Amino acid sequence: MQDSTTQARQKLLYLMGLEGKQPEIPVSIRNLEQKAREILSPEAYDYVAGGAGAEDTIRANREAFHRVRIVPRMLRDLTLRNLGIELFGTKLPAPVLLAPIGIQSILHPDAELASARAAAAVGLPFILSTAASRSIEAVAETMQDAPRWFQLYWPDDPDVAASFVSRAEKAGYQAIVVTLDIGILGWRERDLQRAYFPFIRGEGLINYFSDPAFRKSLSQPPEIDPGAAISHALKIFANPSLTWENLGYLRQHTRLPILLKGILHPEDAICALEYHVDGLIVSNHGGRQVDGAIAALDALPGIVSAVQGQIPILFDSGIRSGADALKALALGATAILLGRPYAWGLAVGGEWGVTEVLRNFIADLDATLALSGCGSCIELASATLQRVFN
Amino acid sequence: MQDSTTQARQKLLYLMGLEGKQPEIPVSIRNLEQKAREILSPEAYDYVAGGAGAEDTIRANREAFHRVRIVPRMLRDLTLRNLGIELFGTKLPAPVLLAPIGIQSILHPDAELASARAAAAVGLPFILSTAASRSIEAVAETMQDAPRWFQLYWPDDPDVAASFVSRAEKAGYQAIVVTLDIGILGWRERDLQRAYFPFIRGEGLINYFSDPAFRKSLSQPPEIDPGAAISHALKIFANPSLTWENLGYLRQHTRLPILLKGILHPEDAICALEYHVDGLIVSNHGGRQVDGAIAALDALPGIVSAVQGQIPILFDSGIRSGADALKALALGATAILLGRPYAWGLAVGGEWGVTEVLRNFIADLDATLALSGCGSCIELASATLQRVFN
Amino acid sequence: MQDSTTQARQKLLYLMGLEGKQPEIPVSIRNLEQKAREILSPEAYDYVAGGAGAEDTIRANREAFHRVRIVPRMLRDLTLRNLGIELFGTKLPAPVLLAPIGIQSILHPDAELASARAAAAVGLPFILSTAASRSIEAVAETMQDAPRWFQLYWPDDPDVAASFVSRAEKAGYQAIVVTLDIGILGWRERDLQRAYFPFIRGEGLINYFSDPAFRKSLSQPPEIDPGAAISHALKIFANPSLTWENLGYLRQHTRLPILLKGILHPEDAICALEYHVDGLIVSNHGGRQVDGAIAALDALPGIVSAVQGQIPILFDSGIRSGADALKALALGATAILLGRPYAWGLAVGGEWGVTEVLRNFIADLDATLALSGCGSCIELASATLQRVFN
Amino acid sequence: MQDSTTQARQKLLYLMGLEGKQPEIPVSIRNLEQKAREILSPEAYDYVAGGAGAEDTIRANREAFHRVRIVPRMLRDLTLRNLGIELFGTKLPAPVLLAPIGIQSILHPDAELASARAAAAVGLPFILSTAASRSIEAVAETMQDAPRWFQLYWPDDPDVAASFVSRAEKAGYQAIVVTLDIGILGWRERDLQRAYFPFIRGEGLINYFSDPAFRKSLSQPPEIDPGAAISHALKIFANPSLTWENLGYLRQHTRLPILLKGILHPEDAICALEYHVDGLIVSNHGGRQVDGAIAALDALPGIVSAVQGQIPILFDSGIRSGADALKALALGATAILLGRPYAWGLAVGGEWGVTEVLRNFIADLDATLALSGCGSCIELASATLQRVFN
C-alpha cells in the first residue's frame, strides 16, 4: 500500500519517466471511454455506458457536479497530507471503493478477477456484484487478504439470500451492500433495442449456479439443464416484495456490516437508522434505473442532514474525477464508489488498466485535495463549496 | 387487457425472446422518430414534428421535464402494483390516452383505423380528431366496444357542431374533448414554407363531408363539387368567436362528459369550474400554436392548485417517456395524452407500430413507477419531486 | 393598408394558393438569413449579422426571450381583433416599425428605396438612418405620404445636426430618433478582421455630401475632393461629447417628436423625462455596440416601471418573431422595431422581399396575439407572462 | 506611451488603412487561438490551452462572465476619457498587466523577450514567471526602464527564494507576485497524456541554473551535470509546506510590494490583510490547478467585500475581451491580468503579435468603457451590472 501523501508526485514522476511516450491507458476518462468503445462490441459498450430511458438521469448526475464549486484555501501546510480513512474498522489508503459492476466478462476475459487484483494492488475495497461472472470464492482467493465487500441482489428466495451472505462472510468479505433500487430491472433502451441480455445465456449467474441453496431448489443441476437453471435464476433475481421488515432476516444470517445502496430520500435514510443499518450508499445506480431521477449529488445533502453522522454515508453515481469525489466528500460522504471509469480501464487493459485508472484517480484526488487546502479527508468537512446557477 | 403489474416484465421477456434480433419498432422514441423521418415524405414528417414559429415552445416543453426530478423511495412492497385508473366511470389499464392527431392518412394508409385498433388492443382510449381522415362511424366500428373519445374542433356553424357531438355520442364515444387553442391556425413555419396544407386537397375533412348538417349547408354535395365543399369546410373550421357562454350550447347537445383541451392559465381553470366542465386537459398543443408559450408542465401546478380536485385534469404536450408521465401524474394530473410518439409508431409499423409504442410506453411507466416506490398511480400523489435549476 | 384582423388568415390563403410551390422568400427567419448569407458577399453578411466583441450580447438578447413565457387565455371572442396602435397621432396597422439600418446598398442595389417602399405598402413607419445610402429627400419622394421617421447620428457639428433634422422635417418625416449608443463605434471583430469599412469608400455618406451645412464646412465640394469629404464626414460622424444638456439644441431646430434610442438604465429613462423627451427606444443596438451588455428585454421592465406611462417606450434588439414582439409589448412596450429580419428580406428579394418579411411578421404576430387570447395590443397590458430559469 | 483616450479610434484608423487587406494577427481571440493551434506543436498548444482535470473550471470561468451583464449609461461627455490607473506609485496607460506565463520558448523562439518588449512598447507591466525560459536579468535588460514585475514560485529552499527576489529587485522589477496555488502541480490531463513536461529537458529552469544560491546547493554546476541540476530544480520547485508565517521571511528580503496570487476565499483575503500583504490577485490559475474550482469572477465580490479597499485587488483567469475586463473592474478589481490571449499572439507573431493583441485589447476596452458611459476606470466603481440566470 502506497503512502497517499505522495500519490500525485509519484504518478507524475512515473509519467515523466515515459519521456514523451504516451501512457497506453488514457489519463482522461473521456478518452479512456472512447478507447474502450473502440475495443468493445457495441452491445457490451452500450450495456455499461447506457442508462434508463432517455438517459436524462445520467445527464443530471453530471450537471449536478458542475453546479457545485470548490473554494480553495491557500497557505496551509500540506506536507503531511493523508487521503486515508477508516471504514468499519479497516484503514483505507483513500476514500474510494470499486463499485459493484456485474458480468465483467463482457468487458475483458479476466473479468472480476482482474478488477479485484487491481483493487488489491492499490489497497481499495472491491465490491463484488452478485451478478458477477466470477464466483464469490474465486474472487476471494485471488484477492488473498485484501479488503473486499459483497453486493447483494437480494433474491426472491430466502434460502438463497441467506446462502449468498454466508458464503461472502466465510470467504472474507467485510461488508454486505444491499442494492435496493432493483426491485425490477430499469427500462434500458439501448439493451432493449439490441435485445441484449447476457443473463439469458447464463452470463453473470455463476454465483447462483454455484450456490448450494440455489442448486437444491432445481430439479436438475445447472450442468445438466442449464436452460431451467437460467430461467429459475432470472425468476428469483429481483424481489419487488422487499420491505424494511425483511432487513431483520438478513441481519440474522450475517455479522457483517450491512449497507443499503440506492437511498435518495431523507425519509428512507431515517428508516435505515431505525432499522439499525450500518451504512448508506446514496446512489441512483448510475442513472440505470429511474430516468428522470434526482441527481445523486443533489440528494446527498438532505441525507447527510437526516443521518447526522450516526452511520457512514457513501456516495455513488456520476463520479469521474478527483474534483467530483472531493465535492461529495465535502458535502458529507465518507467515501465514494467509482464505477464506469474502472470498467473502461478493464476493457482497455485488464488488471493493469484498472490499476492505472485507480492510481490516476487517487493521484488526481490527492492533487485536488491538497490544492483545495485540505491535508486530509477529515478537513474536507470544513471545506467551502459554492452553488452556482447557470 | 393485460394485468398492468406485469407490463415491464412481460415486455422484457418478449424482447429477450428475440434472442439478439433487434425489435423492428425502435424502443427509443428518438430512434423511432428518426426511422419515421426516413420513411415519410418530408412534408408529412414536418407537419407532425413541427410547431409554431421558431419551435421554442417545443424546446420549452422538453426543458420543463428536465428541471423536475423524481426522488424515489425504497423498500416498499411493489408486488401488487397497479397502473390502472378510473376515469368518468371507465377503468383504464394505465393513465394514458392517445392524443387526437388529425389526418393520419399522411402517416400510413390505414390511418386512424390502425391507431384505434392498437388502442383497443391495449385497452387505452383513442381520442379521434375532428380532422381525422377516417369518419367517426368507421373508427367506432373498428374499435367495437373499446373506449374512445371524440375531439371537437368546434366549427363556426352551430348545426354542424351539434351534429358532430351527436354522431360521436351515437357511435359510442364516451367523452367530448373541445380543443380551445385553435381559434385560428398557429403560425407553423415548416408547413408555410412547404405550402403544405393537406386540407385543401380534402384530406382530413371526411367528418365534414359525411355530416348531414354540413351537407345541408352546401348547394351541391361534396361528391359533385368537392372544391366548394373543401372551401366551406375550411371557412367554418375554426371559430375565433367562441366564449365561455357557448359551452351551454354544447351541453344541450350531448350527455357525454365535456373536457376542455388547451387550458394553461389558472383563471381559465376556475372559469371552467364555473361553467361546470367535466375535465381539463393542460396542453399547449404540443407547441404547435403559440410559439413562446409556457411549457405545459410548468402550467400544470397552478391549474391543479386552482381546481383543487373538483374535476380530473389530464396532461398533454411533450410526454416522451414513462418518467415524463410520472412527473405529470405526481404534479396532479389524472392521466396523460401521448401524441407524437404513437404517430411515429404508426408511420413505421401501422397498427403493430402503434401497439408496440403503447406497450413499450406502459412497460416503461410500470418500471419507473415501481422503481420510484409507488405501487399505483394514486400513491404518486405523495411522490416526492425536486425542482432543479441548471 | 390591410385590415389587420385578417393578416394571419390572408397570408395563409395566399400560401395555400401556391399549391405546393414553396414561397421564394423563406418564412422562417433562420432560413431567410441562411439564404441571404448565400447571396451576399461575406463582408456584407458579416457587417449586418455581426455584433460587438465575441457577440455575447447577441446571444444574451435571444436567451432573454426564451426565459419569458406567454400564458395564453382561452375562449375570448377574437373575431374583431385589431393589431393597430396610435403613435404620436398616427394610426399604425401594427405595432411595428422598420429599424434604422445604414448603408443598405451593400444588401441590394435598390437599397433604402426598396425597404421604404415595402414599409409604405404595408403601412408601417420606415426609420431612415443618417448613414443611409439614399438621401432623406429621395426616400421621402418614393414613400409619398406613407409614415416615415428619421434616425439621427448626431454629428459633431451643430450646424450639420440642425440641418439634418430640418431637412427631415421638411421632407415629411414625422419623428426624430436620436441614437445615443454610438458615441464611438463598437468593437466589431468581424468588420475589423475584414478591414471592412464601407464608409471610407463614401458609402452611407450621401446625407452628408448632400447637406448644405456639411458642404459649407468643406473647402472643396465632395464631387471635387471626395477624399477630404469622406474624411471630414468620418471626423464628425460620432460625437462622444454629447450630454443631456445638448437635447435643448435639438429641440430648438425641430417641432417633431424626439425619441432617444439606446436607453438601458432606468435612471437614464428618468433623465429623459426630465428633459421632456417624447419617447424612448430600449435597445442595445442589436448587440453591435457593447459586448457583455444587458439583454434589451431584461432592461425593459425597469424602464417601463421608471417611466410609468408618461411617454411611449419602443423596443429594439433581438426581435425575430411575433412571439418576441408580443413579449416586449406585454412587458410594456408600445411598439417594436424590426431590424435584421427585413435586412435579410432586402438581400434576398429587394422590395418584394421586405414586403414579404413584414407581412409574414404581422401575420405571425396576429396569430400569436389571438391565440394568446388578446384581441388587441392594448389588451396585452394584462397578458400573463411567466419567467423561467433553465 | 499612447494617450488612452484615442486607443479605439487609432486602432480603427489603422485597420481602415489596411484597405481590405486582413490584419495578419486575428482581431478575434477565438480566431487567434485557432491560428496559434495551427502553428504550434500539439503538445505546446495543449500545454497552454489546457487546464486541470476535465477542464470544468475553464468552462466555469467563461460562464461566470456571461451571467454578469453591463447596464450602459447614455449622454455622458466622454471626450476626455482616460483608461489610466496608478498602481503602487506607477502610472499605467490601462488597467492591464501581462500575466506570468512560463516557458514561453515553446511558443516562439524569442520567448519572454518578445512578450516583454511588446509590453514595454504599450506601457503595460510584464510579469515575468520564475519558470521563464529567459533570465530575470535578460528580460530586464531588453525592457530597459519599462514597468515589470516578478512572479515567484516560492522554492523549497529559503536561500534560493531570497536570491530570486533579490535578483528581481536589483534588476528593476517593481513588485513580487507570489503564486500560492501551486503547492503541487495540478492534474493536467492533456500534459499527462502526452507525457509532456518541458521542465525535465531543462526548459523553463534558466532562473534556477543562473541563480548563485541554487548553484551553490549543487555538487556540480548545471553545465557539467544538467541531469542533477534539473532533478534538484524540480525537487525544490513547489513548496507544499508554506504557511502565512513564511511571508515574513519574504518581506525581510525585499522592499518591493508583495502580492499574493490565487486568493479565492474571503477568509484568505482577511489573512492577507493581517499579514500586511500589499495586494491580492484573485485567480484560479486559469483553471489549471483545481478542476471544479469556483469561477474566479464569482469569487471576486466576496474578496472585494472582505478587503474593503485597504489594498488593491487584481483579477486573473478567463479574461478574453474588454467587456470581461470591464466586468471585473466594475466588481471591484483595480486591474486585470491578461494571459492566454497574449500567448496566442506570441505564437502567431512574436513581439509584433503580442503588441497587436495588447493594442486590440486596450482599444476594445476603451470602446466598451466609453459606450458603457464611463470616462475612466474610477467611474466604473459606480457602473451598474446585472446578474442573470440562464
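Labels for the chains are A, B, C and D, by order of writing; each one numbers its residues from 1.
To be clear about the criterion, a contact is a pair of C-beta atoms (placed from the backbone, for glycine too) under 8 Å apart; a residue touches a chain by one contact, two chains touch by 3 or more.
Source: prediction; values computed, not measured.
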Fill in the blank from the handout: One copy, chain A, sits on the other, chain B, after a C-alpha rotation whose size in degrees, in steps of 5, is 90
Practice task
Same or different, please, for the chain B to chain C contact, judged on whether over half of the interface numbers appear on both copies.
Solution key: different
Problem - Computed distance of Cα centres, chain D from chain A, in Å - result: 42
Practice task
Averaged over CA atoms, how far is the centre of chain B from the centre of chain D? Could you give it in whole Å?
Solution key: 59
Handout entry: Touching two or more other chains - residues of chain A
Key = 389-390
Problem - chain C to chain B touching residues, read off their complex - result: 8-9, 11-12, 15-16, 18-23, 26-31, 65-66, 68-79, 81, 320-324, 326-327, 360, 363-364, 367-368, 370-372, 384, 386, 388-390
Fill in the blank from the handout: The answer for chain D against chain A in the complex is residues 52-54, 56, 59-60, 63-64, 67, 180-181, 183-187, 189-190, 192-197, 200, 240-244, 246, 260, 262-265, 267-268, 271, 284, 289-295, 298-299, 389-390
